[in-house]
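First subunit A sits with subunit B, and in the next complex the same chain sits with subunit C.
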Partner chain A sequence: MEALPYLLPALLVFALFEYYPLLRVIYLSLTDADLLKSPQWIGLANYTRMFQDAEFLNSLAVTVIFAFAVTGLEVVLGMTLGFLMNRKGPFQNLVRGAIFAPVVVSLAAAAVIWLHLLNPTSGPVNQLLQALGLPPSRWLQDPSTALASVILIALWKGVGLPAVLYLAGLQGIPRELQEAAQVDGATPYQAARWITIPLLAPTTLLVFFISLVGTFQSYGLILVLRTDGGPVGSTMLLGYYIYQNAFQYFQMAYASAVSVFLFLLLVFLGWLQFKVSERRVHYR
Partner chain B sequence: MGKRPLVLGLAVVLGFGFAQPRTEITFLYGLGGRLGEIIRATVDTFNKSQNEVVVRAEFANSYEGVLQKALAGIAAGQPAADVLQLEVALWPRLAAAGQLTDLSALPGFKAMFDSFWGVFKLQADPDKDGKVFATPWNNSNPVTYYNPELLKRAGYSAPPRTWPEMREFARKVKEATGVAAMALPAFPWVLEGAVWSNGGEIVGKDRLLLDQPAALEVINTWTQLIRDGSAVVENANSTQDFVAGKVAVIFQSVASRPGIKALAGDRFKQTVRVAPLPYFKKPVVPVGGATLAISRGIPQERVLAAWKFIQWLNRPEQQLEWIKQTNYVPITRTTSELPAFRAFLATEQGLDVGMRQLPNARPRPTDPAYVQGIQEIRKTLEEIWLNNKPVEPAIRDLVQRTRPLFAN
Partner chain C sequence: MKGPKPGATARLGLVAGTPVARARLGSVLMDGLTLFVALLFLAPLIWLALGAFKTQSTLFTGPLIPESWNWRNFVDAWNSAPFGRYLFNSLLVSTASTFLVVMTSALAAFAFSRMSFPGQHALFLLALATLMIPGDVLLIPNFLTVRGFGWINSYWALIVPFAASAFGIFLLRQAFLKTPQELEDAARIDGATPMQFLLRVLMPVNAPALSALSVLTFLSSWNALVWPFIATSRDEYRTVQVGLAQFNNLEGATNVPEILAATLIVITPVLLVYALAQKWFIESAASSGLKG
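Showing the complex of A and B:
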């Protein structure tokens, strides 16, 4: 009770800017709100509609593929790049800067770069493919490759942060453990497999959670790449689907219902992840 | 010597004392980049041109951004801004909900309304009930941009005027140049014009009408062009591709011209020409863009200040300045008849095409459901063109699944 007065300012800010909007979204999801008229209570109709809506189900599938692909690749590549950044060498700072640079590039600038690189008719990527005797691709304009292209761009833009987190994790591993392994005759692979990677488990958990939550909420990338969720709904991430329904179609209540669903999904995934990690992650 | 400073000082004090304070209003706009710079400069010019009103321009990132802020303001019970730049498809819903001021009762409205081109009168008052909630401002229609060097190789000096002739034209251009003859947009702006020009309609009383013969003929013609490889589906890179000579014809807004010009640089005059939009039976073009509206529920003093700003933007000489920089079409006949405007049109080939199309122009559909309908049409056309879905079942499915939208 003594701590309450000290916590009160922070709690008030949280209540006002976090919990109230959350409760308001839950309320709106149970109405027919469009922000233009007084909302009428309609119970679970928006939720019923959601699970019958082919657009929503497609968007959910696209988002799950996008989130797990980007997260999985960020863990694997982030760790690999973390190892690379941790190696001493004449170009260490350059390597670290190059790996982290895309993180600080604005999303709009990243979109311009990638729209040029992946231009089907005059982009350098297709020119390279053709020079190697490979067929060109339509990348963002082909329903079969658009999502993979968006995953690639998200990975390029985001992998620097996990790499830095892994670098910090690597630098926190006591040197004597590596040295003891070397004395015992462990190969670099064995040292990594049995000592370094297990000791990086807390970092992996952090990277996995941050990336998963971030990717499930993504929408800015779709906005700046101007795919509008297409072609044929192939890049319709849930975040963009919510935005489109709320601010293009005036369907605030339905968008709120999808937001609540996304929130519950992330709570469930977070819970699941911590349950799994209880058994597998060991903090020194 | 003794009295002069005293008199001057008194005059200054009295001057300040009696000067009316300027009414400050906010203007929320959604165009960025070069157009955003022009809007800010225009607002500065207005602020310097008089002493009664100060406009504070606020950028909302996009037309959706304007709507987003407007909705948030409505929910909060406090309008997001006094003047809103609203895309033509977005204002009817806000007006129907009673969130916009009826401009028809404001001083000088009739004179301004009467000066509009017919298409803009219809756009501003689609129900013809005399109530007007948004006036045209930055409006445009689509035109045909073509590369004369590529066309010349196929024996053409300009693209044909009708869609049926376009088939042979596209085949010949593709054969002669090896590049796509044209990029066709899945976003249905150009499609609207083509369907109307074929005697069809896009939206009926309670559903889309794309399953009707006139519309199906258009979609089949376009699909054939794409499937035989002489046309491609327009994408985010199409303008760059056109400028780079990778596609011979694109169909874009008259207001895209400054952007195309900037991309083409020195080669603009040699590689870019403008022609009217092709048609089927009679020329018809859709008019899109954005309008200006005044929020409802603001003090009358700010309504009048906002109205003064809108009237100033609609003055012929101000319209001319705006058009010179943006290439939008004139919204009033008075502007179109200015000798300075005629002189401006004569400075470059094709500058007049947008205006010449105005007598054949129709406002884009304003049914609130059409905002979502557009995305559904786009998705269906992509399914047909990129996933090779058969035309008629795909269109039937489109009409069927969008019925609840229009029925509501």
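Showing the complex of A and C:
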């Protein structure tokens, strides 16, 4: 077979580091594996334990809130910023470069910068709030604001991508359509509401799912922000919960069960995206 | 000098209350808003860049622009953790991963776009399906595999698992499919083997797609955090992101400007390249729809 040597390198990597581990994580989730003894088959016990574990249920709730907050805000802000980036003016290049810059900054650096910006005692953000006559906050150290702080950081770091996707979407809309609306006497608001935003539906769908899937994987922030999932579990994203159980408590089997659950959740979301795009988005 | 005629001022929008004036005012307000948003996004980076030159006592209390530029922070950061080694490791790992991804993707994309063989469609779908498996779900089994190979604390652990990319195969296949068949026929007539055609013709003529893939791969490798964090525990093999996270944890709040200096060292190479090729960066990201 002539094609085989061309395919082999990529397929070997996929087999070894994508397909085999997928089967292995499912297998591990049905055992009592840790790093020491040889694993014993225990059936679905890890899954039963998972759904009775208050920490897991809390982590799932935190993750869902985080995911939908970040996704919703990335769609709304991304679209708004996309409009701003598309507008001709003296600062057009500056604003494009500025909004996208945090995307190329690493997660670790973003976390370090914000950890110090949000310092409750002396951080610049609290200083600014006080200068404006607003009450300071304990940000990452207060259970009621910690998750919101992580959402803020994730948005600063991540919204540039949705914004450029909307920018690309806006540039793909034929000029004649907006001109026609203008000729018909539509206000800019009406043109946006009835023409531009509906035409951006494919972009919105893309942004929605890219953001949603991305948020399930942004727990690297938690690793650097040193909240350790707290205070009182308020920033315990599912990814961090897996990391903690696997690599701090060495409960490989239990953490594998949570991983498989996360995988099924993401596959479900992927399927949902496919269904929605098949039915609702006709513009492309 | 006489002022402009009334008609001219109205056209220029200088008379308040006219539609043109309102549009002009709106335009100036929008320019102001645009500048404000740009500064809002840049503010954390500006604070970082200035703070890296301050002392612990002036960082939070002194003026925004440092009164004296304190270069010591960079020297101290560089000396208190092996940042040179971290940078070298990151550069090596990112370069090797990028080279391998480009090669494995080009080879597979060539087979998927320019050959026909039984099971082609099924294999292509099988490769694409890996996009549906998030890497974090595979953290535990991949850790066990790499540990089984004795690869913990080695470059292998940081490179080999990322040596192929379904996204890369997809991207290059799209590009290769659009390349005219005549080029291949001409190369055949000149006696080129398929491999020679791929390396000498197909890849060079698709340089834009290859470079977009290279930049996105390099960036995600350079910025990777969780896997290198787990797969290495010795400074010898730690990448710059893990090194920075660790440095931040160790130094804590005792010397923040030093941490900021270290952060600046870590992000400057990427930001520099970004500043030079901003437009192209944004276009690559927009066309791929992938997180960097």
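As a working rule, the second predicted complex is superposed on the first by the 261 of 284 C-alpha atoms of A that agree within 3 Å, B and C clash if a C-alpha of one lies under 4 Å from a C-alpha of the other, contacts with A are read in each partner's own complex, and residues count from 1 in each chain.
The rule is short, and it goes like this: contacts are C-beta pairs under 8 Å (C-beta built on N, C-alpha and C of every residue); 3 or more make two chains touch, one makes a residue touch a chain.
Source: prediction; values computed, not measured.
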item: Clash or fit, subunit B versus subunit C on superposed subunit A; value: clash
item: First, second, both or neither for A:Gly233, with subunit B first and subunit C second; value: first
item: Subunit B versus subunit C as contact partner of A:Phe247, first or second or both or neither; value: both
item: Partner chain(s) touched by A:Lys37 [first = subunit B, second = subunit C, both, neither]; value: first
item: First (subunit B), second (subunit C), both or neither touched by A:Tyr6; value: second
item: Which of subunit B and subunit C A:Asn119 touches, first, second, both or neither; value: both
item: Which of subunit B and subunit C A:Gly78 touches, first, second, both or neither; value: neither
item: Per-residue touch tally on subunit A - higher for subunit B or for subunit C; value: C
item: Listed stretches 76-84, 130-138, 184-192 or 202-210 of subunit C, narrowed to the one that overlaps subunit B; value: 76-84
item: Doubly contacted residues of subunit A, that is, touched by subunit B and again by subunit C; value: 115, 119, 122-123, 226, 246-247, 252
item: Subunit A contact footprint on subunit C (complex, rising order); value: 27, 30-31, 33-35, 37-39, 41-42, 44-45, 47-48, 51, 60-61, 103-105, 107-108, 110-111, 115, 117, 120, 123, 126-127, 130, 132-145, 160-161, 163-164, 166, 169, 194, 219, 222-223, 225-226, 229-230, 241-242, 244-245, 248-249, 253, 256, 259-260, 263, 266-267, 270-271, 274-275, 278-279, 281-282, 285-287, 289-292
item: Interface residues, subunit A side, partner subunit C - complex; value: 1-3, 5-7, 9-14, 16-22, 24-25, 28, 81, 84, 87, 89-109, 111-117, 119, 122-124, 127, 156, 158, 160-161, 164-165, 167-168, 206, 210, 213-214, 216-217, 219-220, 223-224, 226, 239, 242-243, 246-247, 252, 255-256, 259-260, 262-263, 266-267, 270
item: Partner subunit B, residues of subunit A touching it in the complex; value: 35-37, 115, 119-123, 140-143, 225-228, 230-233, 244, 246-250, 252
item: Parts of subunit B lying in touch with subunit A, wherever the complex brings them together; value: 64, 67-68, 71-72, 74-75, 93-94, 97, 99, 186, 233, 235-237, 240-241, 244, 246-247, 368, 371-372, 375, 378-379, 382-383, 386-387
